[in-house]
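What follows is a short report on a single structure.
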Amino acid sequence: MTSISNTQKQPVLKLINVCKRFGGVVAANEISFELYAGEIFGLIGPNGSGKTTLINLITGIYSVDSGSIVLDGKNIVRMPIHNRARVGIVRTFQHPRLLGRCDIRANISLGKDLADKRKIPDTDKYQERMGVLLEAAGLTNVDLSDSIEKLSYGQQKMLEIVRALLSKPKVLLLDEPAAGLNRKEMSYIINLIDFAVKEDICVLLIEHAMDLVMSICQRLTVLNFGQQIASGIPSEIQENPAVIKAYLGGSRNAEN
Amino acid sequence: MNLQLLVSGVSTGVVYGLIAMGMVLIFRAVGVMNFAQGEFLMFGGYLCYTLNRLLHLPIGLSLILASLLMGAVGVIFMRTSYWPLRNAQARAIIVSAMGASIVLKEGARLIWGSIPVTVERVVNGSTTLAGSAVVQWQYVAIIVISAMIMALVYLLLEKTFIGHIMQATAQDQYMASLVGIPVIMSIGLTFALSAFLTGIGGGLLAPLFFLNNTMGATAGAKAFAAIVIGGFGSVQGAIIGGLIVGLVEAFGGAYISTTYQLVLIYVMLVLVLMFRPQGIFGGKIQEKA
Amino acid sequence: MKQLNYKFVIKYILPGLFLAFCLAIPGFTSGYMLRVLNIALITYLCVLSLYVILGMCGQNSFAQAGLWGVGAYMAANFVMKMGAPPLAALLLSSLGTAVFAFVLGFAFFRLRQYYFTFASVGLMAILNGLFMNWNEVTGGALGITNIPSFSIGGAIIKSEPGNFYVIFFICLAAFFLMKVLFNSALGRSFMAIRDNEIAANCLGVNSLLTKSIAFGISGALCGAAGALYAFLAGYLSYQTFTFQQSTMYLIMIMLGGTMSPSGALIGTLIISLLQEWVRPLQNYMQFIYGAGIMILMIVQPEGIFGGGKAIYDKYLKHSKTARTEAD
Amino acid sequence: MKRILAILLIVCMAFGMTACGQPAATSGEKTAPASGAESAAKPIKIGLTTVLTGDRSLEGEYASNGIKIIQQEINDAGGVLGRPIEIVIQDALGTDVGAVNAYRKLADDSEIVAIIGSDSSNDNMAVSPAALELKIPTTAQGSSPKLRDMCNNDNPWLFQLRACDETLCASLMRYAVETGGYKKFAIIHDTETSSADQARLFTEGLAKYGIEPVVVVPFTTGTKDFTSHITQIQKAGVDAIIGACFQAEAAILIQQIRALGMTDIPIFGSNAFADPVTIRLAGDAVNGVYCASAWVPTTPNPKGAALAKKYKELFNEDCGKAAAQVYDHVSIIVEAIKRAGTTDRAAVRDAMNTIDNYEGAVTRYDLRTNGDCGRGGLLVKVENQVAVVLDQITSEKIIKK
């Protein structure tokens, strides 16, 4: 296991031996990794390997059986969901969960609401920040008073990321942001992730689109049946025989 | 004295159980609480009265015919207040059922008037048990007949083809229609069965408690409490919940307070919800309503 | 620019005309109709309370008529036993009911979804039992008589038109408060819970607290409605604050559409007036009323205003976007 | 398409039900003056709010029938002031709001001279502010003492044309203690308004003899199974039971008391216990029930007996209390109009106050003060399922001015 992180930096989020089981199924077994500010960390693995479960554990939707989750040196495993969001862990969902019957502005404002709850002081810069984010997401042309249903699926996913970023989180957990998007929309996602990195937010990325993961992640960890089978930089992972066997299999070419 | 309370508690309890069971059947089939279930009890009672007192049929036959007719009422009810709204939100169905309960209540008043009426007893007389406890045979008849019907319905649901069709539809209407089950028939059957179950209770209770057009609301409310206390969505839970409500009513009235007899049941409902929301005997609940 | 400015018409002129019409109502309506309207407007406050808890927060409550009663008995007691002026009693009972609801909400909202609804059914029955039997506070089954009329600074408002204006302005205030709430962070957190509770939690919304606040706000509205009813009717008894009344609120909001205060108003007016329209049917009135509810629900399951909003979005909004593109 | 089908079905249901509906009790706004001779003259209107639909609709059924009889009688006799009378009915729905709305609806018609309130003290008290505000003579059928005080002290427009429960309850208790010689009483009562009130008055009536009830068992309206209540009474060991509730509950209660082995124990009951409905429902069990009732169809009062006979002929049922009451109320209002010689509301109100010895079907009336105008009732015992009148109760009115 080789680490490329700067040793002088403290990790923002640290998972230490996190375990979770549902009945007889081990969804997470002794998972440990750490995330640094401004870093993009990839989490990959075949379907059902426990990626989303891990995000649910970090955000508190599930409680861990054992192990600890440390944010800025503080163990947060006993914190309820909403408090974890308030200390800076913000996520998106595989399928965007927005206010279906409200306009776009209200949806974006939820991000600002969280920023207010987090006592982020730069509310005066909020409009400016929103403009930058919307531009990065390619949403400049939409009418903010339109119903959310007017947006395409991809735009809704983008909007969810914009909403998350508006709260200036410390950790951003992205659950398959690129699934179901076209090339152009994918580039907007990259824009948004770049924006996050610029703001020193650490990004945990779950993704199936291999080329995206390999191109933008600095480090990766690979899950299979709740086990952490490999960690490291993308080039190492690509060559790791265990990973190829478990995940990429023989169909690596088909994947690209 | 306690024996006497026990008999009265159990016999009212099984009737609450009948109503509750009817409610649960409908809930499982269409995912909504039927707010007009108590009115089925009243309507069944009045049908029995029509056959027994106005057409002078023997009480046994009247009971059977009335509950069969209630099955038809159940189908009409389904066709008017549920089926047109099957794709709308659950709340719309609840509201339309509320409208239907007003229609049934007022319709019964227009047909049969507001002066309370009664029907013949299945068995007359009473017996004295354990020295002082007087037990009327009608109470025993209610317990026996209700228990038989409950058992029959349980067998019908669990062991027969029709029961399997109904259960399949209850679990997933779309899947059921894919494997060739006519959904409307299956749901219609469920409503018919539910109205049948509840309707027979009306005829059984009538000689003891008399019939009037407003009796449904109280009975329905207690059956509702029975469902929640017993365990939501399960047939066994409904029966056991009904018995619990009946017994709490009888013993709570005798030993705690008669003024707050009804309140007592609801306090219990709230307490059960607070500490064991799935009900005393309930298991996992599907997220539907 | 020959095109009429739809937005301006819809946003200012129509409501303005409507407001002027409302203010003129006492001028041409009979005492009876005005009374019906007064009760309808008080009911509207309760339906608005259901809008907060059901429409915005997604939690169906059958206890609203109970909260209404709590407000009414509180106001009567404040005025008659403690000698508070009616205006103060109105505010106090609204506040008191809000606190009452908030505390109960804190206990009940540990229950999710329809379990809360069940608990609210229980709460309603318990409250009605208390109204009927708690002689010291509610006057028992006989109720409380001779409650003084509403007054502001010594000016006693006894007539129906006077009461109409008082109730109307409180409703108007409540209506705009709802609009403010809708656009506030609190309102958004209600709606986030309604749409997806876990997603809301992930955005930092404390669901127990937020839902309790929503119930508290609905309590405040019911409390105000209760106080207004006490002053208007002059007499309170348990037979007003029943489960049936609560179900009527649900019917009203379902009919108008759960999504907007205007829808709630339309639903309230339709049901309140329907009940009076069917009066000439005498013996058949409730029967036809019940059938009417069924028919209305079948014809318009999403609520009347739900349909109206869809039409607005389809035609008027469309023309607006067309215009912006032309510019 | 399916929606239309569903609507059609509902409409069919509606028509089906109305078709089987009883032809009786549909009088109302369209009731035409019955007399042909006076049809040219404009009728004098009197309003009636009663519960036609909803939970207490039994009352409305009786009241609408009673109205038909009295309207016919008065119009056949030539009406009043040379004009026929017309009675307009509005449904009070059994709620406060419904009662007030019905009252206001009637009050809006300026031709309506006076309004008869429903058979519930709650409804009467709810409409009291409206009567005071609109200045319409209003008669109340409620019998609560609280209503009496309201009529006497707060509202000169409201008349309690009924014997206040106090008189009846006290005399029934006097009978129970002095004639019956009973000492240990249990009281069982509905917690609903009038029954709770009567229970209190029974207790007060007993207190005059220094007797306190051994046990008081309240129950909620709609209670059907009284086993737990009756076992409490059994445990207490009493020699008489006092009951206060409505007809359906009274019948169940009597049946269950008898069925649970207390076959000989005398039952003293409120109005409803000797009501025809109770007697018919309870069957044999009702024998031996004592009751201080405002009205029974077997009344010795000649006017009342005639009414009972007529009612039985017309509707093939025994005449209920609400029917007899509205009969008297209309008669008294007509008498007041006659005395006033005008249909002016204030004049009619003043004329009503001059009626001091009016023999009605139910009892004698004295309207010199507004409250407690009915002067008495009947002490009855049910024998062989017939209410046998033991004694007529009459009290003289104490006028404090």
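Each chain gets a letter, A, B, C and D, in the order it is written, and its residues are counted from 1.
In this section, a residue touches a chain if its C-beta (ideal position, glycine included) is under 8 Å from a C-beta of that chain, and two chains touch if they have at least 3 such contacts.
Worth saying up front: this structure is predicted, and the values here are computed from it rather than measured.
Remark: the per-chain Cα centre closest to the mean position of all protein Cα atoms belongs to C. Taking the mean of C-alpha positions as each chain's centre, the chain lying farthest from the centre of chain B is A. If each chain is reduced to the centroid of its CA atoms, chain C and chain D end up 36 Å from each other. Averaged C-alpha coordinates give centres for chain A and chain D that are 74 Å from one another.
Chain geometry summary: the mean Cα position of chain A and that of chain C are 42 Å apart. Centre-to-centre, using mean CA coordinates, chain A is 51 Å away from chain B. Residues of chain C found to touch two or more other chains are 129, 133, 283-284, 286-287, 291, 294, 298. Within chain B, the positions touching two or more other chains are listed as 80, 84, 103, 106-107, 110, 217, 259, 262.
Residue positions 3, 6, 10, 13-14, 17-18, 21, 53-54, 191, 218, 220 of chain D each touch two or more of the other chains.
Pairwise chain contacts present here: A-C, B-C, B-D, C-D [touch as defined]. The residues of chain C lying in touch with chain A in their complex are 183, 185, 188-189, 191-192, 195-196, 198-199, 201-207, 259, 313, 317, 321, 324. Across the complex, chain C meets chain B through its residues 60, 107, 110-115, 118-119, 121-123, 125-126, 129-130, 133, 243-244, 247, 250-251, 254-255, 258, 283-284, 286-287, 289-294, 297-298, 301-302. Listed in rising order, the residues of chain D touching chain C in the complex are 3, 6-7, 10-11, 13-14, 17-18, 21, 25-29, 52-54, 89-91, 93-97, 100-102, 104-105, 107-108, 121-122, 125-126, 128-130, 133-134, 144, 146, 150, 154, 191-193, 196-197, 218, 220.
Put simply, chain C touches chain D in their complex at residues 30-33, 35-36, 39, 129, 132-133, 140-143, 145-146, 158-159, 233-237, 239-240, 242, 276, 279-280, 282-288, 291, 294-295, 298-299.
Of all the residues in chain B, the ones that touch chain C in their complex are 35, 80-81, 84-85, 88-89, 91-92, 94-96, 98-103, 105-107, 110, 217, 221, 224-225, 228, 259-260, 262-263, 265-267, 269-270, 273-274, 277, 287, 289.
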